[in-house]
């Protein structure tokens, strides 16, 4: 195991050295980022406010409003309500390439337990009308803040670059429908065709680092709702019931064998049952049980195999219970793998190494999380690259790494305790976006 | 297995013949019940209305109001709001024994699926503030209606009996706290001390039958809420989590071994997990899972053994998952066994046999359901007896019995499809209450 | 639950008192048993020798030889090799009823761990050619010894009784084929038709007690071998296998739900997987797994239901594993319920009570063990009764009973630590057989 | 996932091109291998004979005898009985490097089901005295045959190379103790110190191919025997038992969660329970159950984590069953990872590519199997490399690959149906050994 082992952890040593340093990008980036110190306090304030006001997917009205207002101030051409709550800003700055930078805006139905002074106490109502506590447990607030910071700095130094900058604030990444919604809402007609689409995601890696990877970087993800039909009865008369609680438990237990037995050791895959629901009291055997589950895979063969195994197991366990009705499978979301194109990724890696040094410009391992980012370049017909942004206090991270307790001690995305450190996370997020975009937008001498 | 085998099913053959017929009771009952034909239609209407207006425990305001109003009309001394929503009516009718007849009034958080024209579409809010569909899925509407019918008939023919009749309408039987609440609210001070306390319960047995049993008739019941503490994480990174969904599933699976392996074949016991709840989406491993479970037993040794096994298994499965926090156990309700006193039960059985014949006056098997009825005689210091009332269309029942599909085809109490036939259920419920009470209240020749 | 609760434990209180004492039997028994003191030491020696020389079913050559030799000495007409290794002795003693007394002779493939000075170290080879340690773990050595004692005493006091005594020593009770083998080998042609067939079994109840029961006393038993077909592979490549170890484990786990969920609390049933076998090393996933399982039930409906559930679960779990071949089910043995006829059982109970007193003549609960004894009266066309014989030191038993640890501390039949106390077990076993047979054979005054 | 994904499958595209062709080696190899046609028939005969006469570890007397005889014929200095049954042959051929070539000789306790005309019907007795069918299910017969072929060809053309050739035939690789035994038996004193130690293993990859890999190539392996202590009882009285069959099943089921939940998707690991054993009949609950299990891992952190989880789960499941005795853990074998040194691996890869072409000189993925080969270079203080040798008919393999059914249709090592095709497997095995050794032993012009 080399670079495949560590999930989001970095393993710099395994990467080929960048083809060559990129002094032009580095120099342009230095110029643009000179203003970072002046806006840092404002960005941090914006971030904390946003963290306290998380919004569920397709409900990012407040967030989108703030974004649009800011982009307008900085003279972007702004289009709102693209794919319901998405926002696009375009800044034309002479001839040159077009670069799209993307941030996602939505939060999660998680009750925040970080203990942060700016922790969220917000609630939101999901599409089924159920109210939940809501938290930016996946760090999209970091993404929005950093992209606004980069947008502002690039807008303030149009002398340092040329071409067209598109900043895109996407709704509802979490269930995989936001990028698609923007594409379906005519995204390609609303912006110039990008030469490259770029995005980043904060991860449980050391803050101050960025992590790139060519090829498949993030997993495909399939989410299903499975409804199991038993037969209810009084809790004291199980013989009159087909107990859906026991059935659901057997399904969950049996599903563990998919990854443990049906996939080779070297094929990464995950089957998670994130939710199990049946009954409402101790003493009534309910009629049905509902599972919500998620499958991660990195190639189509594994994906097909795992999804088939899930269906086979659910169906057979229903038969083992003597269930009368067939189980129901409902697809909740589907994400493809995030597959970074070779050329832009190499270019960005070179720019990052030139600007941040080898210690901070790392190579990513496979990340089992998923993204709908890929829908944007797919819809726009352009290449793309997506990188990771460290969000954990470096000392804390390194200590846990030495103790071998990263998995245990470092809360990851979607945890109710996921808490990126404000700095250097935000600074590095801004720097990465600026640097990467300038790898296209920095004016080059002819012929270079 | 003879009479122990069939749960609520009747097995007349195994009962000792009643000591002697009881012509005095039979004759008085005939007189009182002569009026049944006149009130039948009114009772049926009351029943259907009540069925359409079910109320959760301690919220039986509408039901209690109708009850109190009717009792007042019939000249009972009425006390309302005993134990929150309980109602007592007392009818003094000269010297003689005091008989208490009890009905429970509360409904269940079940979405009715009977398809009856008078099916409930009501909802109610439980003590946690959660709204549920509500249904009279346990037949308490039958109990209330029959007791009102008996109260009316007995009040209209005070010439046919002597003594004191106490009719008691109890709230919140379902979670086992209503009878206790009435006792704690001074029940013993509010009524004369009964010579006997009587009650009945509609069961999935042929309508038109009654089922008596001396000694233990219904199970002890212990309901627990168990909270399992795992550790949440992104669904794609199970290695960072302690998955409470898998833990909960393992607990449910393991709990099956308690009855299957730790209790002798001839010791009746049930462990039902009626509710399992964890997570809210496919892709976030939650922090905790919650089980609500119920244990049925018929003697203290089995009860102790099963409850200890439940705790041992839950605790050990948490350890197997490497869970950090201890599981939490919360007692939701406790019911003792329903233990019918020998003398009153024999007396009632004799009266039933004399009035209804051997074919309809059956002996009950052990009933795995539970009751808080026993709290009333315990709180009042009097003997008691409790019998079953068939509620299923006799033809349907017999057909299922011959096909061996009773358990499958006859919805039982607490099922969303539990639907007692209106007649002869209501008639028989009234007749049983009248006949049983007259076994004490019918005037007897001196010396008999 | 009263008399159904206690498995083999006695519950004297629940039995109807014997119709009437039986002074004739008691007096004849006293006469015959007067010689017990003289043969006690010899019987004890025989018992310990037999215990040290256990033989598997249909291999009871040494035991049968000793039995035949002794019966010949006492002037019985002896027939050997009935049903392979069975022995019959007939003693004609004038006109009168014919009574058959039966003992079974075979031992079990269990490694004795009693620590007794006369513990077995014997081995034997089963019908598959596999060698096992062998032990009288079910107490058949007690049965043989007691029946020889009774045979000797009755033969020595032919003045005290009249009629015909048939003593029958049966092979291979354990897998249910020995009684059938004797019947098939012409048993009915070899002996006079008995008026009654009697047998006894030593149980984990207080030594010195006997336990009778009318009607169903012992369970039906069905033993199956289930072969599960997976697909083998190197242990490191589970994805190339269909793991039969995991499949077998899931089947075992799922089978727990049959008793826990599919049978009512008051229906006694047991599903035991006594053997699981798959693979031979840590690192090769084998092709198949084999389970041997046993189902106990007390009525045909439960038996049918449980056996159907076992098949459904096995088949469905194979499907859940994606197994290619169908599972195989092989019936290893089938025992019917042991159903004691009313009249002879009452007669014996009365005789026992008259001779031993109420404290030692107890009523049995349902015994979940099984017997092929019933094949004999079925094959001979006579009524029958079968009783239990306590084998545990009474003080030890009572102490465990008070502590509620009988199940834990008192090794039961088939345990490697099952160790009946020699006395008063043997004495009582002889006395019970003599007394019960004299309830028919004691000369009665005309008209009685 | 690129080269990590495929287990033993080849993925040529992911390998860096060899630094440079190696015409010297290629030319020397051509000379030596010119004789292959003459010995092919003899080798094939030897192979089939060996396949029919498999011997368990440390019992390879016949095999070792044939090997020693042949080496003696070809003028090797032969030492027998090194590490019990190991054989060493040394051929001095002037100045130059020393190369050690290793083959392992032992077979497995598997009943062959290949249907081959030369299938094994042999049996053998393991160290516990139990007899098993025995089969060369891991292809060590291929290794022995190919090494003998290479030894013969190199001995017949000493003009084509110079230096010292050591051929080593190792016993008992399967349980990981054979290489260690040779080292402990003074291997380093018996042979000149090698410049490199080389070995190969036949794998389910296309015959005619070789597969090299730098760094970790094969898994660490830990095999354990786990004994679970329950309490036996009659099968009808589970309440008197602590059922070790159910306990063992729960352990097996729970162990599936280790790989499924406690290891990241991108960390390869395997937990296989290869054997489960409890009880001997349907109706006696046994006292104990025994599992044999194997853990595969590729780095120490994963290894530690998985082994700790196994212990935690076993111990907790015993507690969940209320088991009285602690479970016992016995280490059966331990293999470290097979870690190929960079320099020799590159050298061999270059030589293979030069001789066999890119299509047949492939790069290996991680192989989840394990090897004790590494003990030899560790004990001798020399670098090493180990490669894979395809053994499956190429057409069959490619067809299965296209159909995505390799895992299903191509029996792998340790399967009872593992059947390498004789050719081109043997030819390629000989060619690979000759070619790789000549990468050191081919005479080079000065300064090259």
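Worth a mention:
Every chain is named by a letter (A, B, C and D) in the order it is written, and numbering of its residues begins at 1.
By our rule, a residue touches a chain if its C-beta (ideal position, glycine included) is under 8 Å from a C-beta of that chain, and two chains touch if they have at least 3 such contacts.
It should be emphasised that the depicted structure is a prediction, and the values quoted were computed from it without experimental measurement.
For the pair chain A and chain D, chains touching both partners: B, C. For the interfaces A-B and B-D, the C-beta contact count is higher for A-B. Inter-chain centre distance (chain A to chain B, centres taken as mean C-alpha positions): 53 Å. The distance from the centre of chain B to the centre of chain C, each centre being the mean of the chain's C-alpha atoms, comes to 42 Å. Chain B and chain D have centres, each the mean of its CA atoms, that are 67 Å apart. Across the assembly, chain D contributes 7, 219, 236-239, 243, 246, 250, 253, 256-257, 260-261, 264-265, 267, 270, 296, 368, 407 as residues in contact with two or more other chains.
Against chain A, the residues of chain B that register as touching in their complex are 7, 108-110, 113, 132, 137-138, 219, 221, 223-225, 232-240, 243, 245-246, 248-253, 256, 270, 272-287, 289, 292-294, 296, 332-333, 368-370, 407-408, 410-416. Residues of chain A that touch chain D in their complex: 1-2, 4-7, 215-216, 219, 253, 255-261, 264-271, 296, 298-299, 301, 365-366, 368, 404, 407.
Only residues 236-239, 241, 243, 246, 250, 253-254, 257, 260-265, 267, 309, 312-313, 315-317, 319-322 of chain C touch chain A when the two sit together in their complex.
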